[in-house]
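Take a look at the structures listed below.
Two complexes are shown next, each including chain A; its partner changes from chain B in the first to chain C in the second.
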Partner chain A sequence: MTRRRRAERRRGLLLVAPALLALVALTVYPGIWVLWLSLQHRVPIFEVSRFAALDNYAFLAGDPRFWNAARTTGLFTVLSVALELVLGVGAALALHGQRRGRRLALALLLLAWAMPSVVAAKLFEWLYHPAAGLFNVLLAGRPLNWLGDPSLALPAVILADVWRTMPFVAILCYARLLSIPAELYEAAQVDGAGRLATLGRITLPLLGRILLLAALFRTLDALRAFDIMYVLTGGGPANTTETLTVYAYRSLFQMLQLGFGSAVSVVVFVLVMGVAWAYLRLLRGRTVAA
Partner chain B sequence: MKPAARTVADLLVLAALAAYAVPFFWQLLTSFKPEAELLRVPPLLPSGLTLAHYRVVLELSLIPQALVNSLGVATLTTLLALALGLPAAYAIARLPVPGKGVLLLAIVASTAFPQIATVSPLYLLMRALALRDTWAGLVLVHASFALPLTIWLLAGFIREIPVEAEEAAAVDGAGTLATVRWVIVPLLAPGIASAALLTFLFSWNEFLFAYTFTASEASRTVPVALALFPGVYEVPWGDIAAASMLASLPPVLIVVGLQRFLVGGLLAGAVKD
Partner chain C sequence: MRRPVALFLLGLVLGGCAGDASERGAVTLVFKYARILGPADPLPGLLREFEAAHPRVRVKGESLPWTSDEQHQFYVINLEGRSPGFDLMMLDVIWAPEFARAGWLLDLTPHLVPGELAPHFPSTVEAATHDGRVWALPWTMNVGLLYYRADLLARHGLEPPASFEELVSQVRRIRSAERDPALEGYLWQGKQYEGLVVNVLEAFWASGTRLLAEDGTVFPEPARAAEALGFLRALIEAGVSPAWTTAADEELSRRAFGDGHAIFLRNWPYALDLFEAPGSAVRGRVGIAPLPGRAGGPRGAGSTGGAHLGVSRRSRHPALALALARFLTSERAQKAIALGAALSPTREALYHDADLVRRRPSLPVIHALARAGRPRPVTPYYLLLSATVQPEFSAALVGVKSPRRAIADARARLDHFLGAIR
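After this line comes the complex of A and B, so read on.
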């Protein structure tokens, strides 16, 4: 028996090894390397490469552009995730109530989610066009400079992101709704519960866990978001849509500050992992309570 | 609700969802609009439709080569991720792998990994290995990035296959590989399809790595080519619209056409437990 078990362990290890090797070489090792890079002054074009200890981080602490990017990241994340959750639940409830044409409804909803983020950025760039964009045509006569006005650019980016990712939340909630047994609703009806009471007492509590999970996925994605703002606004105007990820990217590959840019990347890394950890604790707490 | 009211409600929901999809349909319409009418709105509808933009994109731009690159990179990424992920998922679901707890934690943690965190070291790595601007470089980073999710999904699907099916095969004298090939893979086909589609979509849509590690039409994928779409004097909105439609054709076909597999995959990862 023990010999068989040992053989099984060896076989298990053998089967895991190739995947493990790939993950170590292309995720774990670069993950450690980036920490090392962030402790250096490294500007390849000037052949600068020396150890700088925590200089990059010390600079960040007093860097207004960094704090602006942190604020933008926070605003973008909170607002887009909140909108996605509210709209997603609404869309899921609407789909669930649908008797006929569900496949078509689902297809229309998923169309936005199918768009690659760069395509979504191009779609909205055209919708926001000052003269010929659909939004300004609908505003008839009071055109807005969506992507050029510093106070409008971030909302415009958020709208584009919400449009593309809300269906993901909707689909998760819709699937959860499908798994709620019909008897539960029949029982509520027998007890004389109205539609609102049913929604508040049965539907929403049962959606709780999946909503938390959807919020986790969406928050992590929003914190890491890059494509939509990089392509739509490039971080502008006046850096009003520059998130931490965009700031890190520009530092790395436009200003070619490999060490400093890596330090900003590490901040994003720590932020994302911290948020993921907090959510998972929350999720685990709910499981125990349930 | 009365049947008539029910029908009205159904139609209202469909209308609302059609309105939601307008950004896509507007771009679709733009891609067929004559050049002269692009900036002349209203009217919203053009006087006629033209294929001119598609002709420009297909004959004069780098988009066709980018489509080939994307198709190649995404297909190879999917195959590599499955080849690495399937055995690992089987071992995690069924065999006593040493340190399994830590391994699972690492896999979950790496699905949260931000790409920006590894883009600078990977750039140096690609340069050192002369993999910049090649399919191989992109396939390697895409596959390794998609791997945790692939393993996670497949392990979930494998756990659902009754152990008895495998035991029966073992009694018949089948080894591990034969069991995987003849018992697991057939029962797992829908799960493999979901994981494969999600990996393909990830690779097709991915921008940050593709933008950083490519430098020419030799390896530029569609999102990169679209983001860099050139305009000579003014922005060629019609051509960009046509290019966007070509870039989103495979994902739309996959997402809308194969709803079942895809939604199944998403749900397997999220809804259960």
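After this line comes the complex of A and C, so read on.
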């Protein structure tokens, strides 16, 4: 390495240092602190603070409430992300094929996405109202106990989440669709490809990367889902909608079990990191292939 | 010569910290409270009144987040983080022992005049007491009670039920005669949240058992507790209470009753003003009564609720903060609050005050109910207790677990967590 390059490198390091320091202060330090907390029995307001090694994790391993929350988180993530992707692509295709009112449709889609999730949850609380809610009015005479039935509550929460976040996927895909050159479609038409063939051979493959990206963002969000179930059901009935983050919140801020609650948070963190890593590998693989 | 200058400068700095530099030497008290709903929030007026009586004091009323959960979270973060950002705080009635044990509250015992708290309901004083010392002043009162449709009961020649068994038979009789498929029987709160714990506790008391014994045992009589829980579940299974009870909070059940869709409702006194408001579907047709007991068991009792005022131990002006707490809990202030909002006072004499009774004729009846009311377990671990039993009670209500199993599971979990603390 020449002297000049070394100097340049040093200057580069100096320039990224503030950003790096900020990252360390804002994420790495609290992260390590939470990890440290999770190894303790800590209920500070009652002056309980002692090292517990892996006790908290050992309790989690045999804790049915934890495993239930883990299962709920998994189900919620897989189902809501899958639905969001399918409906999002559908909405994007519909939008792309539409001639009139496209701006209006886009604005409406954005409206749902722009709504804070607590507001969306409140809206759905009304839609699910046992007597006056839209869903039960439509079901005339055979009302469902949307938020109070252990087998319906999670689907009801997923539906609310899909409604709010599907537009995110739709708009990303729509933007990608706009950038597909028209010649490709013209060529397909000349070659006599039907609509289905065009969709399967041109549109979807070209959407692939952006879909993977959308799935990554949505999955990471869904794994940490909190507000929608917190407002709609509070985790009930019978904890059927309690996700890991809701469990962590209850342990930390209601039960004031800082050590134990941190252990739950660490599990969420590891889960999110693992999934993010897997997605990034997939994305990288696709880039090389393309 | 030097010293006065330094002191002057220090005063400037402190004054600057407290807020307005133009009010040099003035003290700013920060009061954290939840905004009072209703046409006229009486608090700003009361705070100005306090300022008028204390010329060098400014009171800043800062509103808390909306729900009790979020308020608790706010306090935990700020108090544990040693923030001196507020002097006086509104506390949910279930928090005083926890906050006291955590060292966040000023011990008021040495400052109290003998007999000062005697005019308040004994149960509100009990809820503010931990380790034999008083940590907060009672501010507002709440009690669970039974609303009934007086018109429907009168039409069928019935008196308000004294026992739940009677309530069930009245529901059957009225519904079969009215032939209105939209008319529900008994509404209460079964969603997985604090309200569910309140409802289950009331069922425990009606069955003669408790959640927490004096010696700290949880579920001292598990079989009885399971029976009470099973009774609540049976109300839903038999259709006496609608299936959606398992998702019902206060407002959901209050609205259904207010629309005329139910015969009985368990709720707090605030609902009465809404039922009697102009345009209400049940105006003039609602009666209130004590919560029923169980046949052959003790009399029913409603759970008490409400708020206390506590002085932060980190307050730089504890004497002034206490003066403000005394003023806000005074007879004058509690009367103004009861006139302006649907909140009930903790001072018993006000329930027979002529002006108040003219405005809210139900007050004398509510007084008797509140007197018979019981506090939720008064313990620093109440929130831990509640957060642990909520999902178990909910599981029993929706039939995912048997009541016995739910009680056993709740006990095992509590033993683990309380063991770590004790």
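What we mean here is this: the second predicted complex is superposed on the first by the 268 of 290 C-alpha atoms of A that agree within 3 Å, B and C clash if a C-alpha of one lies under 4 Å from a C-alpha of the other, contacts with A are read in each partner's own complex, and residues count from 1 in each chain.
Following the convention adopted for this analysis, contacts are C-beta pairs under 8 Å (C-beta built on N, C-alpha and C of every residue); 3 or more make two chains touch, one makes a residue touch a chain.
Since this is a predicted model, take the numbers as computed values, not measurements.
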Clash-or-fit label for the pair chain B, chain C on chain A: clash
Contacts of A:L147 with chain B and chain C, given as first, second, both or neither: second
Dominant toucher of chain A (residue count), chain B or chain C: B
Which superposed partner A:A131 touches (first chain B, second chain C, both, neither): both
Partner chain(s) touched by A:F253 [first = chain B, second = chain C, both, neither]: both
Touched partner set for A:V48, first chain B, second chain C, both or neither: second
Contacts of A:S179 with chain B and chain C, given as first, second, both or neither: first
Contacts of A:L282 with chain B and chain C, given as first, second, both or neither: neither
Shared chain A contacts, counted only where both chain B and chain C touch the same residue: 129, 131, 253
Residue ranges of chain A in contact with chain B within the complex: 5, 8-9, 11-13, 15-16, 18-20, 22-23, 25-27, 29-31, 33-34, 37, 91, 94-95, 97-101, 103-124, 126-127, 129, 131-132, 134, 137, 163, 168, 171-172, 175-176, 179, 210, 213-214, 217, 220, 223-224, 226-227, 230-231, 245, 248-249, 252-253, 258, 261-262, 265-266, 268-269, 272-273, 276
Parts of chain C lying in touch with chain A, wherever the complex brings them together: 69, 72-73, 76-77, 80, 98, 101-104, 182, 190-193, 242-248, 252, 256, 259, 261, 380, 383-384, 386-388, 390-391, 394-395, 397-401, 409, 413, 416-417, 420-421
Residues of chain B touching chain A in the complex: 6-7, 9-10, 13-14, 16-18, 20-24, 26-27, 30, 38-42, 44, 83-85, 87-88, 90-92, 95-98, 103, 106, 109-110, 112-125, 140-141, 143-145, 147-148, 151, 176, 204-205, 207-208, 212, 222-224, 226-227, 237, 240-241, 244, 247-248, 251-252, 254-256, 259, 263, 266-267, 270-271
Chain C contact footprint on chain A (complex, rising order): 41, 43-46, 48, 59, 64-65, 129-131, 145-150, 153, 233-240, 242, 250, 253-257, 260
